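Read through the structures below before going on.
Each of the next two complexes has chain A plus one other chain: chain B in the first, chain C in the second.
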Partner chain A sequence: MEKPSYNTDIVRGFVNWSIIWGLVAVLVGVIVSLQMVNPDLNFPPYLTFGRLRPIHTNAGIYGWGVGFIFATFFYMAQRLCKTPIWSPKLAKFQLWFFNATIIASAVTLLMGFTTSKEYHEMEWPIDLMIIVLWVMFAINIIMTIIKRREEQMYISLWYMMAAIIGIAVLFVVNSAAVPAALFKSYSAYAGTNDANVHWWFGHNAVAMALTAPPLAMFYYFLPKSTGVPIYSHRLSIISFWSLIFMYLWTGAHHLLWTPVPDWVQTLAMAFSVMLIAPSWGSVINGYLSMNGQWHQMRDNYLVKFLILGLTFYGLQTLQGPMQSIRTFSAFIHYTDWVPGHIHMGTMGWVSMIGFACIYYLVPRIYGNEIFSIPLANLHFWLILIGQLIWSISMWVAGVLQAGMWNAMNPDGSLTYTFMETMVEMYPYWWARAIGGLIYLIGVLIFIYNLYMTVQKGKKSSSTLTEAEGRA
Partner chain B sequence: MWEKKPVLLMVLATCTILAGTIITMILPFTWVNTKADRIEGVVPYTPIEQEGRDIYIREGCNNCHSQTVRPLVAEVLRYGEYSKSGEFVYDRPFLWGSKRTGPDLARVGGKYPDSWHYKHMDSPRSMVPRTNMPDYKWLRDNPLDAEAIQHKMDVLDFPYNNPQIAALQTKNEMDAIVAYMQKLGNDINWRKATQVEIIGELVNPYAGVDHITMEPWESVYRNNCAACHGEHLEGEIGPELVGDNYEEEELFKIIYNGIPDGGMPSFSALGSDKVWQLTNFIKYYNQGEGESH
Partner chain C sequence: MDLASVFYLGVTFGLFAILVGIVLRTYSKKRKETGEAPKYKMLDDD
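Here is the complex of A and B:
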């Protein structure tokens, strides 16, 4: 069978733009972390913490995260289906529409057009753009899969299809609102219902955008990078079905002790703990795939990113269930512990997988070998150290503040006022800003390395072997 | 089987996703926001309150302030009565938040007088020196758009009358957000219900205290009272504190329970020991200072 001519243009476009939006996300993140320690850095009306923080989160999730999901899905789908992308024209249009959507989101959020719903702040016209964008993407990927020339669908394709359906359902339901003006709408649900719908969305956006797609990538790019297959296909199948079954029950663990019905909270807590099994199913599958290959952690930088990323996934999916238990949630919820948790997932798990995929893709889509492997290693250590400083300082801060909030005198009165607990946070917020800055430097080195690869990298041999990436 | 049939796989995946969705997300609609959790006294927002709420959303206040008090001992002591489902039936969207960089606001309504909020929004650090909350003085520069607000009230199907709309003409965004603050958590009469009735004789444990013992209590005063009554008890939002005006027991009761209709919050969460320290500090510290200088 002759090799089909795969479309690499579209992969290039999404790789480039996802990196740009990723840089924006990290940069804005550093800015808001500095606003936390120095309120004089707020410049109203546009550049205040309240307006910038959603730009940080949305640029990270939708610009960087979904951006490299588009890039890798277009790359993987063509190869796993042994057929070119169904419609290159639609994909090309999708790239421009994607950027238009991200820019429109950033501008409207800066202007204060927001629904306030966390990780879904954009107002209804942007929501419509996102729906159009997703439908275009879904049609292209699903048609490519239907027209495939490889009968068996590899596990990565399963995760891709589940993510496409899952995000569509979540987003449409949570977007429901009554417009009151061009950029103002009121949620279709009120109060407790709105909260429950929203965190059903919020937590499963994590499942469908920041768990299933990186797993699709991991199952594809790890074997490609190491040259050995996944340890157990059966384990990956069991993990897949149990993961997409259990996740949808857990949203209310964000709402423990709130007026949401108790039984919904209890189900969320129970399913969150059960989720350890499918999550660790994938983690163990990844580790066992390294049997006899652990030396590659030393001499293949791609494997280092992938396995560390997977390790953070494992830690994330242990810490998450722990936080979902009522007693533990009562203590740490609303403190800085929670951002510490989220950032281990985003800076550690999701972004490490994203960086690995891009390092793998760039030599193949540009035909140049990576400019500098030492720089890639430096990038690895900077983002690892930056993220650890970030998360650990926030966990310590969270436990400290939770302890102070709950501290009581022998007569049953509170020991500390709110402000007495808040001022204790400043040193940790400084540490967090420094961690973010180190991470930012890592990202800049990553971008420099890729730029030099494209501009000055050695031409790679015409047939890149599966072992490519070994140093 | 399904690993060769993409459409079948997608149908099965959709069913799998819908199981938890139907039970934990759709089913609760049967009980939530129905008669089952309705609370008498909870009323929709007035035009100016709703506009204040929209400004709160626009400025992303929910990124740092939550709006639910959990039924936990320390939390109820700090913020007040825990939140109930029926209190949120007019909230579109919900604003419970997920992070308390600043304190929870679910029960802030009626805690302070309006003047406290104006001063605090103008310059939070003038009242709470080490807070990291940005200044929102600029909200005063933006007049309200009565027509747009009326349209929003129609969309929400909230009742309003013409005088309420006409009154918006002279108001600005700061007025709106303060009006919203004062509505929060105030539809149920929890403040009076949780007031403590002090029975038996109150005995000042620090009777006859000397000036040096009182010195460390100045920080208790500064953390809790100075924002309204001034660094030197000279008064600002609250009245000047003159020691001779009240008997010890009276002063203790005012600090402990507050004056719910007079804008004075209750400080019972500090515990009776600290409230006695404040009582003695307010009543005698300046006198002592006068003697020693």
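Here is the complex of A and C:
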């Protein structure tokens, strides 16, 4: 079959912009962590923790995460379907509309316009922009899949389609609101229904944006990096369908011990525990794919990122179900344990996979060999150490916090005041800020390495063809 | 049990049946080769 002329310009665009938004996310994350230990670093009205925190989360999820989802999906879809992207013009427009949406989100959040729904803070005009953006992307990828010249669909394509359809459904349903002004709206749902719909969205956004796409990337880029196929394609298919079947029922585990009906909570708890099976189906598949190839953990920096990322996915999908059990949730919910859990997923699993993908892509889309492998290794160790300090300090802090909140005197009164529990958190919050700072240094090294690859990297004969073959 | 509950129960069992069907189909002996074929195509040059 004649090799089609793939479009790499659009991949370049999304790679570059996702890195910029990723840097913003980590930088703002470090700033808000310092605001926690030193309240004098809050500068009202715009630069306060309350306004900067959603910028950190949204820049991370939608700027960095969705940015590299766009980049990798455009790269993978063309190659898995053996056909160029359906509409390069639509993809190019999507790139600029993506940046306009991120900037509009950041500006409105800084100005204090918020729905107050976590991970869905943007007001209705921005929601409309996000929906238009996603529809453009969905049409382009789905049309590319329809026009494919490859009969069988590799597992990555299944995860990609699930993410595209899943995010569309979740976002539209949770966006339902009655506008009261240009940047003010009221949710279409009331009371516990609102909370239930919101966490159905919130948890499944994790599934469809931060689990399915990284799995699509992992299944694509692991064999590309190691040079050996995955252990079992059939196991990956079973894991996929089980994951899709189970994930959508789990959102209410964020609402244990609330007025949401008990049976809804129990259902969410049961499905969360069942979710271990499909998650570990992928983890085991990944580990078994490394049979006879474990030496590549020493020799191949891409494999380090991918396998450590997968390991954090495995840990995340054991810790998450554990947290969804009522008794455990009663102890750790609302404590600092929870951000420790989330950041193992975002800084460990999702970002490690993202870094690996970008390290793989940049030499191929620019036609230059990577500037420095030692710098890539240094980046790996810095973000690993930074993330571990971040998460472990928060888990310890969370257990201490929960213990102090629950401590009672013989007469039934609380042993500690809330202020006393706050004061105890300071050393751990400092540790978190230091962990974030180490992670930020790692990200800066990553960006420097890529910049030097593009500017001064040695021309690669094996990748030159592809970079020059862009449409 | 009212009609709505019976309906939801039916949908739940229906979904389970579909999942079981997917597992059986994927792991049927006659589909072993075709089921594993896509993974080898990943070794083709990008």
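Following the convention adopted for this analysis, the second predicted complex is superposed on the first by the 461 of 471 C-alpha atoms of A that agree within 3 Å, B and C clash if a C-alpha of one lies under 4 Å from a C-alpha of the other, contacts with A are read in each partner's own complex, and residues count from 1 in each chain.
The rule we apply is simple: a contact is a pair of C-beta atoms (placed from the backbone, for glycine too) under 8 Å apart; a residue touches a chain by one contact, two chains touch by 3 or more.
Everything quoted here is computed from the prediction, not taken from an experiment.
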Touched partner set for A:Arg364, first chain B, second chain C, both or neither: second
Touched partner set for A:Ile238, first chain B, second chain C, both or neither: second
Chain A: partner with more touched residues, chain B or chain C: B
Touching partner for A:Ile230 - first (chain B), second (chain C), both, neither: second
Partner chain in contact with A:Val169 - chain B first, chain C second, else both or neither: first
Chain B versus chain C as contact partner of A:Phe418, first or second or both or neither: first
Contacts of A:Pro4 with chain B and chain C, given as first, second, both or neither: neither
Chain B versus chain C as contact partner of A:Tyr220, first or second or both or neither: second
First (chain B), second (chain C), both or neither touched by A:Arg79: second
Which superposed partner A:Val178 touches (first chain B, second chain C, both, neither): first
Doubly contacted chain A residues - partners chain C and chain B: 152-153, 241, 245
Of all residues in chain A, those that touch chain C in their complex: 79, 150, 152-155, 220, 223-224, 227-230, 232-234, 237-238, 241-242, 245, 364, 466
Of chain C, residues touching chain A in the complex: 15, 19, 22-23, 26-27, 32, 34-43, 46
In the complex with chain A, residue positions of chain B that touch it: 3-4, 6-7, 9-10, 13-14, 16-21, 23-25, 28-29, 31-33, 37, 54, 57-64, 66, 68, 70-75, 77-78, 83-85, 87-104, 124-125, 128, 130-136, 138, 148, 151-152, 155-156, 223-224, 268-274
Of chain A, residues touching chain B in the complex: 35-39, 42, 44-45, 48-51, 53-54, 112-118, 142, 145-146, 151-153, 157-158, 161-162, 165-166, 169, 173, 178-181, 184, 186-187, 189-198, 200, 241, 244-252, 254-255, 257-261, 264, 267-268, 271, 330, 333-336, 338-339, 405-409, 411-414, 417-420, 422-423, 426
